[in-house]
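What follows is a structure written as structure tokens; I'll ask about it next.
A, B, C and D label the chains in the order they appear, each numbered from 1.
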Amino acid sequence: MGLDKDTIAKRIAQELKNGFYVNLGIGIPTLVANHVPPGIAIEFQSENGVMGIGQFPFEGEEDADLINAGKQTITTMPGASFFDSAVSFSMIRGKHIDLTVLGAMEVAENGDIANWKIPGKMVKGMGGAMDLVASAENIIVAMMQVNKRGESKLLKKCSLPLTGIKCVKKIVTELGVYEITPEGFLLVEYAPGVSVEKIKNATEGTLIVSEDLKEMSFS
Amino acid sequence: MINKKVKNVATAIEGVEDGMTLMLGGFGLCGIPENSIGALVEIGVKNLTCISNNAGVDDFGLGLLLQKKQIKKMIASYVGENAEFERQMLSGELEVELTPQGTLAERCRAAQAGIPAFYTPAGCGTEVAEGKETREFKGKMHVLETAYEADFSIVKAWKGDEAGNLIFKGTARNFNPAMCGAGKITIAEVEELVPVGSLDPNQIHIPGIFVNRIFQGAKFEKRIEQRTVRSK
Amino acid sequence: MINKKVKNVATAIEGVEDGMTLMLGGFGLCGIPENSIGALVEIGVKNLTCISNNAGVDDFGLGLLLQKKQIKKMIASYVGENAEFERQMLSGELEVELTPQGTLAERCRAAQAGIPAFYTPAGCGTEVAEGKETREFKGKMHVLETAYEADFSIVKAWKGDEAGNLIFKGTARNFNPAMCGAGKITIAEVEELVPVGSLDPNQIHIPGIFVNRIFQGAKFEKRIEQRTVRSK
Amino acid sequence: MGLDKDTIAKRIAQELKNGFYVNLGIGIPTLVANHVPPGIAIEFQSENGVMGIGQFPFEGEEDADLINAGKQTITTMPGASFFDSAVSFSMIRGKHIDLTVLGAMEVAENGDIANWKIPGKMVKGMGGAMDLVASAENIIVAMMQVNKRGESKLLKKCSLPLTGIKCVKKIVTELGVYEITPEGFLLVEYAPGVSVEKIKNATEGTLIVSEDLKEMSFS
């Protein structure tokens, strides 16, 4: 029940506004690029040093010198540019990126996020995520709301080492769309066919239901 | 023109010794100094501290040095994609310092630029800031980060000339420019070493002053980690 | 592609108001945003704080704004070559803050890069360090310098495209790149505005994300301050 | 009596070593470029953003977009590069420049230098001088030893606002060559035809005469 990953990405794509420079994280966020609404101009940045990412290359046209931060082969759009890592993070830290979409292992009701380490088990590293969440004004988390063991990832308090504090603004999961408010997770939209009851059960942190709650729309 | 050309990779890495700190360019396997890494494996230097965004894969890039246990400590931002790395880290054989990617780039650039320390918002309120000085600027907390110190910077460029001027290609640029001149000695391996005067002075990414030794790599495998394509 | 093109200089400088802080590129009269400066003289905005390496000459560059007494405060590294400037400064009409040239460049770059403050050795033990925090790193004193804040950055490039990507020429590059994206709004005037896709993505000096408005200047005088030649 | 400005520059050129990147200030220092000893490779940097400066252009070939820090039209040598001001000062502050030659109004016996301001009279600004003297390991001052009013510019203590502290290593004037030592100005060479007596009279700071004192040689 709830959205599949591609539909989560599609819902997030509705947040794109004309003229946005966007950094997409690995996983569900990457899929957002496939759903840019028609008629608006968006440029996608990858922190390894490219602005203006296009589609994947045609088979046989892959270039080892042209990848995104997920190490996938890519192409570029007209107007693209390449730059070094220091300049890339000038864009990020300098607040020139308008929207950051990234995945998470946990999000707390105060906007804290954890996504880089499970002590003693998995340490892949934070990559560019700490720079992104510390700087971006506009951060959307894209993730499944419940982990493989059935536990909620929308928490009162993160249990894992943090990536950033009080930085997440919005969360889109397979079940709903949430805004971080001083009172907790504000449910503003639910996925088609998903009950508020179901959402409450999948939210460990404080959940408030918006007075303007509506069903997600994909028209 | 001050000539930086050395005859081969063996000459280029002369002076790299056990226990030294090396900065190595590249993002994933893109833009890594393949030839120099191969030569370091060959000479077998040990107890290295390596500053590099990633740690290669099991059988390529810095993974080759890990396999031979030549690395004592790794400073990186992302180290997935490497089972041997994970094994050595979890067993405690390998010391690991994880750093936000932008901070990693800026600490290299700071070393190049003679900036001993700077403030960044990245990592505030997390493990990364533990034991570090923090300070508020315009209502927001920042961490004080210092310039890296390294004995050698080892980078890979697309084209270079004998004066040491470098041009990078596509996203193979990544950390390479910020590392040039950040270590005490900078080694650049290039795909094509061109005669002085054939590069447009207006389009040089890294002026030769930041490079001490340059050579044309014998072979570049340029492995692709995630071959993603669409059909026609 | 996000289109940054505006139709002319008048549109480009919309929003510049009395009392604002402007950063302006150029070194001497080389690489200065001539068209924008001309338009600022025309609209007559006053009480400006200008951050620029130099203050122009009596009848060109920022000298034109000084003549009309539109500048309240000048932040620069070198202000010779301008008698009216000296007169206004010594009479107290003009507030002047002199900053080491490298610190000036780095404070612009810090603003672009989201670095609120950094340490530099420049100016230690001099007037420049008075009232500023100093600190020792590796046995040497350094001064804490902060990122500049500006309402507008106004730069001049050689070529640009509608996406705002810029390429500079020769030493007309100077302070222009570091100022892009350092102010809240960045205006770029270019000698030639080319169609998107005609610039090599690998040779762009400043990506369009750092530029908000771009236009092709109507006319560039490009005056030479010290014409020095040798005979054939 | 003593050297003319061009000969001061010629003496300083003897300090150039193969492989040096050199920044020359305005005035006498600029003349050093005309006297590079044969057989050594030197690159001259100008802090406005060029490495590999060549001769002045032929008449009619001046380019307004190609100047040095003195705002003079220049040309470049093969292997030259252009870069922005932030990168230029990375070269300087990062100690990549091997030698800095600059003029001064005053030098003190401890290596302090003043060259940017005469309070109430002249304020041209420090330009790049403060960055240069704060960072360079190897700083030579090129100047006339006595000012227009006949006063020594080699002082116990600078009277003018400082450009940098304890940074000058060597001074070349029309009268002699001096090294800064813990004991004061060490006279190591005298200009042809100039007596030590004359030099003493033109030095307000502590002067020590080297045991290896010799006449400057220009062979």
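The definition used in the following text is that contacts are C-beta pairs under 8 Å (C-beta built on N, C-alpha and C of every residue); 3 or more make two chains touch, one makes a residue touch a chain.
Since the structure is predicted, the reported quantities are computational estimates derived from the model, not experimental observations.
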{"item": "Neighbouring chains shared between chain A and chain B, ordered by label", "value": "C"}
{"item": "Taking each chain's C-alpha mean as its centre, the one farthest from chain C", "value": "A"}
{"item": "Rounded Å distance between chain B and chain D, as computed from the means of their C-alpha atoms", "value": "36"}
{"item": "Geometric centre distance via CA averages, chain D-chain A, whole Å", "value": "56"}
{"item": "Whole-Å gap separating chain B and chain C, where each centre is the average of the chain's CA atoms", "value": "32"}
{"item": "For chain A, residues that touch 2 or more chains besides their own", "value": "50, 82-83, 86, 89, 92-93, 135"}
{"item": "Touching two or more other chains - residues of chain B", "value": "106, 109, 113-115, 120-121, 168-170, 202"}
{"item": "Which pairs of chains touch, using the document's own definition", "value": "A-B, A-C, B-C, B-D, C-D"}
{"item": "Touching residues (chain side chain A, partner chain C) in the complex", "value": "19, 21, 41-43, 45, 50-52, 76-83, 86-87, 89-97, 135"}
{"item": "Chain A residues touching chain B - in the complex, by the definition given at the top", "value": "46-50, 55-74, 82-86, 88-89, 92-93, 112, 116-117, 120, 123-131, 134-135, 161-166"}
{"item": "Chain C partner contacts - residues on chain B that touch it in the complex", "value": "106, 110, 113-121, 137-138, 140, 142, 146, 167-170, 202-203"}
{"item": "Chain D partner contacts - residues on chain B that touch it in the complex", "value": "1-3, 109, 111-115, 161-163, 165, 181, 196-197, 201-202, 204, 207-210"}
{"item": "Residue numbers on chain B that touch chain A, as the complex places them", "value": "27-31, 53, 76-81, 86, 89-90, 96, 98, 100-106, 108-109, 120-128, 158, 168-178, 205, 222-232"}
